[in-house]
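Shared between the two complexes below is chain A, which has chain B as its partner in the first and chain C in the second.
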Partner chain A sequence: MISLMVLLIGLLTAIACAIPGSYLVLRRMSMMSDAISHSVLPGIIIAFLIVLDRSSPLIIIGAALSGLLMVYLTELISRSKLVKTDASIGLVFPGLFSIGVILISMQMSSVHFHEHSVLVGDITLSALNNLVIDGVDYGPKSFYILGSVILINLLFIIIFFKELNLTTFDPQLSEVLGFKNLTLHYLFMTIVSITAVASFDAAGSILVIALFIVPAATAHLFTRTVINMIIWAIIFAIISSISGFYLSIYFDAAVSGGIAVMCGVVFLITLTLVKLKAIRA
Partner chain B sequence: MNSHQVTVNNLPAVEINDLTVAYNEKPVLWDIDLSIPQGVIMGIAGPNGAGKSTLIKSILKLVKPIAGKIKILGEDYDKVRKRIAYVPQRSAVDWDFPATVFDVVMMGTYGQLGWFRRPGKIQKALAFDAIQRVGMEEYADRQISQLSGGQQQRTFIARALVQNADVFLLDEPFAGIDAKTEKSIMQIFRELKGEGKTIIAVHHELITLSDYFDMITVLNIKIYASGKVEDVYKKEIIYEAYGGHFNFSQNESILD
Partner chain C sequence: MEFIHDIFFDYTIRNVALGSSILGIVAGAFGSFAFLRRESLAGDVVAHSALPGIVLAFLLGFFITGSSSKNSLVLILGATITGFLSMHFSSRLMNISKIKSDSSMGIMLAVFFGLGIFLLSLIQRRNIPGKSGLQDYIFGSASTLTHSDVNIILIFGALTLMSLFIFWKEFKLHTFDRTYAHSLGFNSKLLDTMMVSSIVIAIIIGLQSVGVILMVAMIVTPAAAARQWTNKLSTMVIISAFIGLVAGLSGALISASVQKLPTGPVIVLLLVLIFVISILFSPNRGLIAELIKNIARKQRIRLSLVLVDLYQLKIHHNDDYNVGHSAKVLLTMHEQKFNVRKSLIILAELGLVRNMNGDVWVLTDKGLKKAESILLTKGELI
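Moving on, here comes the complex of A and B:
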């Protein structure tokens, strides 16, 4: 039963990440997504210290705020033209991440957060944390959080589909036609931050990036339209998370590790097929 | 024709006064004064790094000048946005983006649609017309990464045509394309001019400069000359603006 829950949490996490992942790949922002998934940590810890409930929605808000803080600081530094964008990302996120790690080691070395689970996630823990109202058990809270995030991500992409495509493909024309690239950028970064937090339990800071980038990059190898790319990214996320779950059981390893490995395997297989000109979508 | 329309038609398409632009405190455009009348095909010439793209981007408010005023059709850019079409340098976008020719041409309708509104039948019909006009109907469903340089450029031109603008700003539309595409783009420019539209195109190929344009602006940080081809297309002017970067032995006869 627990292992079915773990499987489902992994699956929902992978789907949630694959949706914004497609635009992260197209906008060449994998570095930024990595930075965000690290920077949400201090927000998670500080919000946890306030509400003392690891699955409270307030944690998501706190974490999304620290992810956005990182995007904003990066923007400030690279605007100064003193360093390039990727360098300013590199300046900001290790700072925020280390604040998070220091908070953990000071406050609660044996409580809810372990440095290890911060890095690679602890999916089993969240599979055990059920939503109980008036004595009725409604299953793991993660289901509801991840389900909401998937819904928000889908809505975001449906509502802003035309604007996202325009500003991603041709940002200059987008500005010229009167759209606000910066507004869209921050909205999108909010979506990425929320997704990074919701995925934290299942994947931790380091492996979230695999879920964001690899299924979408795999889909990008052969798809001809953005819609197809998103659909295929979700399909690859599903395949990788299910097979990754069984792989991790077989090797008795962290589930997130198994999923990340399978994301890579699926990528390599697809790449080979594309090189052999076997698929096109 | 009433008097009001006449005054509107006499306004310059673009009027620039005392424009200075710098990146990181290094000036790339210096005290530019330029007036481009409506209904002409104007070429902006100058060597690499002369600030041609920057000039176009300043007109479109994509870069912020240090000083100067720019009016388009007598108005501030924001007021006449919908009457202006822009074709960026082909290399400015990622051609691996998953989209078909049709998808990209549709983007030209987004300005009229604004936020949230989806393109419908009308927009699709406009896009098909424009694709036909540039002779790309066979390729409408083709992925943009599978196009030749000339086909990519025609896709961009079609996207601009969809905007149904009065002023067209194009950055190097003739760079890296085949002779057939070059001819068909020129044909479209002439048709647009016939409809009273204004074409402003960056062009650094000196050999074809005088064939393609009725007016030329020679730019290299400052403006060396601007006006009718016969007045501007002169050896001294080109030589001065291009400095040592221009190989005269090859082009001398053309300029005489």
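Moving on, here comes the complex of A and C:
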């Protein structure tokens, strides 16, 4: 029963990440998503120290704020022209992540957080943390959190589909047409931060990037439209998370690690198939 | 005093201090090249991808010898192999598919690191002796450095720094103008391999102290800070190595003296502090210097405007030498309002205008010439 819950949480996480992941790949922001997934940590910890409840929605807000802070600081540094964009990403996120790690090690190694679980995630723990209202058990809280995030992500993409595509493929044109590129950029980064923190339990801070990037990049190998890419990214995310789950069960290893490995395997197989087809054609 | 005594005579503290200083120097020096080649984030990929190599090398050593001696040399070799592989794959991937550089780096980082975590957790849940130290490679723990670890860091650090001295000219040329270096007959492929290998070694020898996640900061931050103070490569490399030394040494000592404080984050925060100071206070490129320059520039523009206005009034009114104009008139001549009187007082101090009576001002001979020269050259200000 528990392992079924774990499987489902992994599945939901993978789907939630694959949706914004497609745009991250297309907008060439893969490394930015890595930086965001590190930077949400201090926000989570500080919010936790304030409310002292691990499943409070305030934690998601705190995380989103520190994710946005990272995006803002990176832009501030690279706009000053003193440092190039790639280096400014490498400057900001280790700093924010370090603050988070130090807070954990100083404040709460005895409480719910541990450096290692922040990294690797603790999917089994989140499968045990059920939503109970008036004594009625409605299943793991993670279901509801991840379900809402998937819904928010889908809504965001449906509502801003035109704007997202335009700013992704022709930013100059969209600027000329009067779209607010920067506003949309920050809105999208908010979505990425929220997704990163909701996936924290299952994937840990580092492996979120595997779920963001790899299924979307796999889909990018052969698809030609954004909708196809998102659909295939979700399919690959589902395949990777299910097979990764069983891989981890078989070897008795971390579920998040297994999912990341399977993401890589699925990518490799797809790349080989695409190449073989190209050679034959 | 006791602390200084400890640095030289306490076994752990001496190892920590020595090891972290050397890795700070090496990472700082080669970080400058990674920074200038715009390969900062590739450092992040290499550091993360070293984890599966470390764990695999440990496992291999365990299966071959039957005992788990955590031989640093073997672990470093494993780390170097997977670090290189992931870098090689990520550049191959860009060539053979439509995946862009950021995604190919992201894929390699995520999958290699995922494999590392997978293998690490696999070991953690089994009864293998000596497994506990592997965990330290994630966040770094300088206090676990042994004497032989320090020797390895020393040897590899010395080797890479020596190659930097010997091939300084070649490295410099290759970093700034690859094509020109190639046309002069330098083997650019060999040089590239040498530089990348040196950067990879600089990253790998820091992993035990700083950890795979934060090692990127050891490469990027000293270089970014050093860049603010100089435009010369040799100076930049020296400053960057010095910053790495200071942050590495003090961070390691702080974390070794406070319980449960991981080394990597402390060093990173010190580095960030040094970077912020550099970006604010450096005399040529710093933000505060820039701010002061801007204020001074605006001041000069205002002074010139007022002077030229006074000159225009004089010409249009065919004024005699001693007829002046009121500051109120000057105030109406621009949409952008600023303190005209203050500018007039400064101009008077410079001997360019003269106050006649009350609010009336007139150009001096010197001011007349200056205004004419401003109008003639059109760019020159006061």
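Going forward, the second predicted complex is superposed on the first by the 277 of 281 C-alpha atoms of A that agree within 3 Å, B and C clash if a C-alpha of one lies under 4 Å from a C-alpha of the other, contacts with A are read in each partner's own complex, and residues count from 1 in each chain.
Going forward, contacts are C-beta pairs under 8 Å (C-beta built on N, C-alpha and C of every residue); 3 or more make two chains touch, one makes a residue touch a chain.
As the structure is a computational prediction, the values presented were derived from the model and not from experiment.
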- request: Give one of first, second, both or neither to describe whether A:H220 is in contact with chain B, with chain C, with both, or with none.
  value: both
Query: Between chain B (first) and chain C (second), which does A:G178 come into contact with in this model arrangement: first, second, both, or neither?
result: first
Query: For A:L207, is the partner it touches chain B (first), chain C (second), both, or none of the two (neither)?
result: second
Task: Identify which of chain B and chain C touches the larger number of residues of chain A.
output: C
- request: Could you tell me if A:N228 is touching chain B, chain C, both of them or neither one (first, second, both, neither)?
  value: first
Field: chain B versus chain C as contact partner of A:F169, first or second or both or neither
entry: first
- prompt: Does chain B (first) or chain C (second) touch A:I159, or do both, or does neither?
  reply: first
Field: Footprint overlap on chain A, where chain B in one structure and chain C in the other make contact
entry: 28, 220
Query: Can you list the residues on chain A that touch chain B in the complex?
result: 26, 28, 81, 159, 162-163, 165-166, 168-170, 172-173, 175-179, 220, 223-226, 228-229
Field: Residues of chain C touching chain A in the complex
entry: 35, 38-41, 43-44, 48, 93, 96-107, 109-111, 113-122, 125-126, 135, 138-139, 213-214, 216-217, 219-221, 223-224, 227-228, 260-262, 264-266, 268-269, 272, 275, 279, 285, 287
- prompt: Quick one: in the complex, what on chain A touches chain C?
  reply: 25, 28-34, 38, 77, 80, 82-84, 86-91, 94-95, 97-99, 101-102, 105-106, 109, 115-116, 119-120, 204, 206-207, 209-210, 212-214, 217, 220-221, 248, 251-254, 256-261, 263-264, 267, 271, 274-275
Query: In the complex of these two chains, what residues of chain B are touching chain A?
result: 24, 57, 60-62, 81, 84, 86, 88, 92-94, 96-100, 103-104, 107, 110-111, 113-116, 118-119, 143, 159
